[in-house]
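What follows are several structures.
Presented sequentially are two complexes of chain A, the first with chain B as partner and the second with chain C.
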Partner chain A sequence: MDDPRKPGDSAATADPRENHGAAATADPRENAELSATVDAGAFAMLGPVHPDERRPHDEIQEAVLDVSYAGRGNRRRWAPYVFISTPVGVLLTFFAGPLAVLAVYSFQVRSRGGDGSFTLDNYRAAVQPNILEVAGSTFVLATISMLILLVLAYPLAYFIALKVGRWEIPLLLALALSDELNPLIRIFGWRTILARNGLVNTVLQNLGITQAPLDWLLFTRFSVVLVLTASWMPYAVIPLYAAMKTIDRRVLEAASDLGAGWFTTFRTVILPLTATGFVATMVIVFIPIVSDFATPGLVGGTSGRMLASVIEDLFTRRGEWGVGSALTFLLLIVSGVVVYLSYRIARIRNLDTST
Partner chain B sequence: MNQSPSETTPALELVELSKHFGNVVAVDRISLRVEQGEFFSLLGPSGCGKSTTLRMIAGFEEPTSGRLLLDGQEGSRLPPFKRNTNLVFQSYALFPHMTVRDNVAYGPRRARLSRTEVASRVEDALRTVRMWEYADRLPKALSGGQRQRVALARGLVNHPAVLLLDEPLGALDLKLRREMQIELKEIQRRVGISFVYVTHDQEEALTLSDRIAVMNGGRVEQLGTPEEIYNRPTTRFCADFIGEANLIEVRVGDRSGDGRVSVVLPGGGTALVGSVSPSSADSATATLVLRPSRVALDDKEPPHGAERAAIPVEVRRVIFQGSVVRVDLEGPEGVSLSASTSEADTSDLRVGRRMWAHWAPGETHLVEPTKSGTP
Partner chain C sequence: MRAMKPERTSPPAPRIYWTLARRRRTATAVRVTFLAVMALLLFGPIVVLAVFSFNRSIVIGFPFRGGTLEWYRAALGETAAWDSLRASLQIALVVTPMCLLLGLLSAFALSRFRFRLRGVTGSFILLPLVIPWLLIGVSGLIFFSLVDVRLSLWTVGVMHVVIAFPLVTALLSAQLVRLDPHIHEASLDLGAGEIETLRHVIIPLLLPTIGASAVFVFSWSFNNFIVSFFTAGFDNTFPIWVFSSLRRARDLPVVNALATLISFVQIVVIVGVWQLLKVRLERRGQDIRDVVAGA
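== the complex of A and B ==
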């Protein structure tokens, strides 16, 4: 701490202590001006903390912080909260707020001229057998989609992160670009491919592989899983890619050198070292798949219905805001449990490596 | 430790092994044998092809041409996980999510050894490197030297035909490196496994090795024991790379019948030389290799002849280096050379002083000139 101060001391005040006092009472803008007059090495001296209280490795970090909110002690303490108040405010207003409104709705008698009094009827309506059935199929479809995504995304992320060399960035951009396409356009694209007289059926029949068009391609659970998987691929690959990037490729070579084939290397080294990315991917992909209403609505038909389309239906067509809200909350709770469980599994299997 | 080559199959044999990366020739037709239980070093500057050679032996690079025999079996097309070699990485490459014990047990488990066999081998290996007490730690809780030991144990535990070490001490500080050198040599002697050791540190190679291959530009420049390489360098590169050397361009004079060669030194004096490398044979000019430690300084002109060769010099610089003092000198025709002396009192060696540098002709060697042709 002392050495970098020296050139600054001569430029400003002789005694470091005096200097410390001056900096503590001065206006931050004054400090900024002062800092312009002394050399870069003296930035650290602008901070109000006494040199003896500092540890050496704090220096660089604090030098930076000092410039950003140098000034009185209490200002310094409040500065970070002021800084984050805007994003927190936005979140509270536009996310937590509507959620709170929905929470209130879910306990009120509202629809069809209700008086707004407290009730649990909405929740009772939300757990009726026909909705539970859709819920069950939703979780089955979402789980299958998520598993397929993980199986496909792991090798893709592995190749992009460690194997393709100079194609790494172009491939990542292509992946990001594929998500820029409007989801509706993309889903309609799938409809033209999978339809009764669509691309797949035409090709199959022209090649003589099938005689009649295949009916199970569209408006089935198959099409829902296929489109969901294709739509959310970038969201599965990118967190896995980020996790793979942190693996030292020498470690993979070491595994190979010690007798591990590719699958053993994956199971014993890659999977544990990307556990955080694995859990992140599960959460990032599972939640939006469960709440996706466009895909099941447009390619699901009747057999591929999912919970989110039921909720959409309740709000937009049937005006059952109370039941819709109740169902939304139940979905939120179950999703939360899933997230928590996947996190626990990663912990229990000691996969959570923060090294 | 050296066994005579004819008795046993070499642990490793390279025959005309080459590796090209596009147009770049990284390794150019190198051939060598590593005997059972031998400590063999590949020594050279960065980019000389030593690491590529090691990676070919380990199986991470496929040779462009040539043969690679492990325990007498052709192995150049085997993937790393099927080879009887293990590599100790410069960066250690320990599995960060496994304890020391699991790291070391990784190889034996892949070999499907029984639980008890794995446990006893791991304990053996960890005791050998004195890391048994740390078996339950994660790598991140270890120091650099400790990680190095674990990496070594992780290789040794598999009893490989050859243990490959890629600058394993490169990341350690000097003092620790010296300690580890001695320990490494000790461990190698005890376990009797052949080591192929890649380093750019000539002192390390001289200290550790039974034999050294000095590499430059993808080729082996000289192959021999540390004594041979230090005392009788066969090329200018080896003389310059291994230890300190004065390289003096000379004209080759008499090649008398008894094999002794005399050269014309700068300034016109003549001197006999101790040995002549094939690289300088039949050439009109050559480079005289003279170790600074063999150069003595005197005020009076010493008697020339078969016992002593000398040239007049002027002191240019005196550099105190701790245990020795290096004196940089300038001779006739602008030739510069240095002498190192361990004498305590060098206060009379003032810059500009005129003296005589002299040496025993038997301690010099003749290698090829700077560029073949004129010096």
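== the complex of A and C ==
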């Protein structure tokens, strides 16, 4: 019951915004075990990530907990429930409750004179060819964005974590800052840059590189991928950074002492050690990208339409809540499967490289 | 590139030295270029907006027709925008302390006690962080209509609490696990109860991390678009106002002036707060990198 490494938990901690989820559920006793396991990368935030670096605190804390449970167990037994009940109550009411309602709605037809009895009509309506087409293109666009994101974020995280020295904290804070600026304003900025009379076209024409304005810059799949990539960059870099931070510097020094060049070090040391963090990052960015409708809605035009825009449309303009719920639920299931598979793959991969 | 042609007479050592130096210079150049490109990707759009907000032209783009503050003046009269801005600020100001409280309670319980349901509750509390916001927003919309609550800024606030307080739980537990458990136990031995311990011992120690969490939660709430969009009803938050203005492509220079203004304030405030927190964290022997990399 208390084991934080159950599958459900794994999914919870595989996310981005909270890859230190594990820290919340791991108590000190499990902490050390955990850090020694394959999850080290994803659970970077645990702190003592390297097994050798188990701090004295952990043992003390273990002992303290044991003593306090033996000695004053009665006095403290109620305490955690007092603290945890309000947060859990809030989530049960406003998170689990609504999700349950959504699930129920997806099996009922209430509009168009439906009587609310159990039906699969919504799901049938949700898998029409035209929606499936958008789903396919959503998947392609999200995957491309995710790959570009990783290709750019990985070296950036590498530089920030291991290479820039005293610039590390300023750069990290710059990332946090860019994450805390308004995403819609950023999208607006991209529209200004990519528009027909925008920055890119004007510069290209003034330099004589193009004669007419390029019209594939905005309201196309290109702009969707570009803006998605730029928008979710901090979400990709920060977990990767955390994963890189768990690499013991001595390992890198050893690699260099043994004559490995940077590429060999990268391929044989850094990449395997951050594999789990890498997969966790894929999941972290994939989920928000798939459910983003502001970006495709504002820079996607018709060709860059994505599934989230369809859902938005069903709920806000067409009033098809049942179909919308069904589609939303399918999206959740697909993302869940993606999360789970990535997690499985990461575990297996990591076991391989550690032997 | 001052690539030295190795002289035939020179011993091998200097030649290696020069090759290494050259390689290091190239590496630095590559690194700086790369970082510059990433900075453009992250901050370029905001900079471009800022520049064009002073352009006299009604079209946001070239040619540049000379500087003006006209759009800022027009922005002052855009009441819908200021209303939405006030709404966003109000929501964030209410949501932030709520999230801090809920996050603190849950983090304290999860990282300082062992109890039967700890694993389950821990996973459950972190679940909103992995569920797409689209799903949370949509389910909130259906839920509130089912229980007959009119959508308003209040419903937005409630949903913001749901999505944001688990982040505080995660950030604070990460730091709580790092704290010396002796302190907690000493406080109990000296006769303090759990609540007094939390109030007089744990909270003061965690203050900088709580501050950092507040920055994140405030920004999440202030910037959130997807969840607000579904649960705001006829009310507008600032991101919703920006979205609808962009969609209708109306008064774009005014939107631009406002966006620039907001971004400027955000940058100043956030940089200032982070700087302050960095100093405070360092004074307590905590590392700001642990706090940021958790978010």
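One rule holds for everything that comes next: the second predicted complex is superposed on the first by the 275 of 355 C-alpha atoms of A that agree within 3 Å, B and C clash if a C-alpha of one lies under 4 Å from a C-alpha of the other, contacts with A are read in each partner's own complex, and residues count from 1 in each chain.
One rule holds for everything that comes next: a residue touches a chain if its C-beta (ideal position, glycine included) is under 8 Å from a C-beta of that chain, and two chains touch if they have at least 3 such contacts.
Nothing here was measured: the structure is a model prediction, and the numbers come from that model.
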| item | value |
| --- | --- |
| First (chain B), second (chain C), both or neither touched by A:Glu168 | second |
| First, second, both or neither for A:Ile185, with chain B first and chain C second | second |
| Partner chain(s) touched by A:Ser309 [first = chain B, second = chain C, both, neither] | neither |
| Touched partner set for A:Gly324, first chain B, second chain C, both or neither | second |
| Touching partner for A:Thr274 - first (chain B), second (chain C), both, neither | neither |
| Larger contact residue set on chain A - chain B or chain C | C |
| Footprint overlap on chain A, where chain B in one structure and chain C in the other make contact | none |
| List of chain A residues in touch with chain C within their complex | 1-4, 6, 8-9, 11-15, 17-21, 23-28, 31, 44-47, 57, 60-61, 64-65, 68-69, 76-77, 79-84, 86-88, 90-91, 94-99, 101-102, 105, 152, 155-156, 159, 163-164, 168-169, 171-193, 195, 197-199, 202, 229-230, 233-234, 238-239, 241-242, 245, 287-288, 290-294, 297-298, 308, 311-312, 315-316, 321, 324-325, 328, 331-332, 335, 339 |
| Chain B partner contacts - residues on chain A that touch it in the complex | 248, 250-251, 253-261, 264, 268-269, 272-273, 350-351, 353, 355 |
| Partner chain A, residues of chain C touching it in the complex | 31, 34-35, 38-39, 41-49, 52, 59-63, 102-103, 105-136, 138-143, 146, 158-159, 161-162, 165-167, 169-171, 173-174, 177-178, 180-182, 184-185, 188, 194, 215-216, 219, 222-223, 225-226, 229-230, 238-239, 242-243, 246-247, 255-256, 259, 262-263, 266-267, 270-271, 274, 278, 288-290, 292-295 |
| Residues of chain B that touch chain A when the two form their complex | 58-60, 79-82, 85-87, 89, 91, 93-97, 106-107, 110-111, 138, 140, 154, 158 |
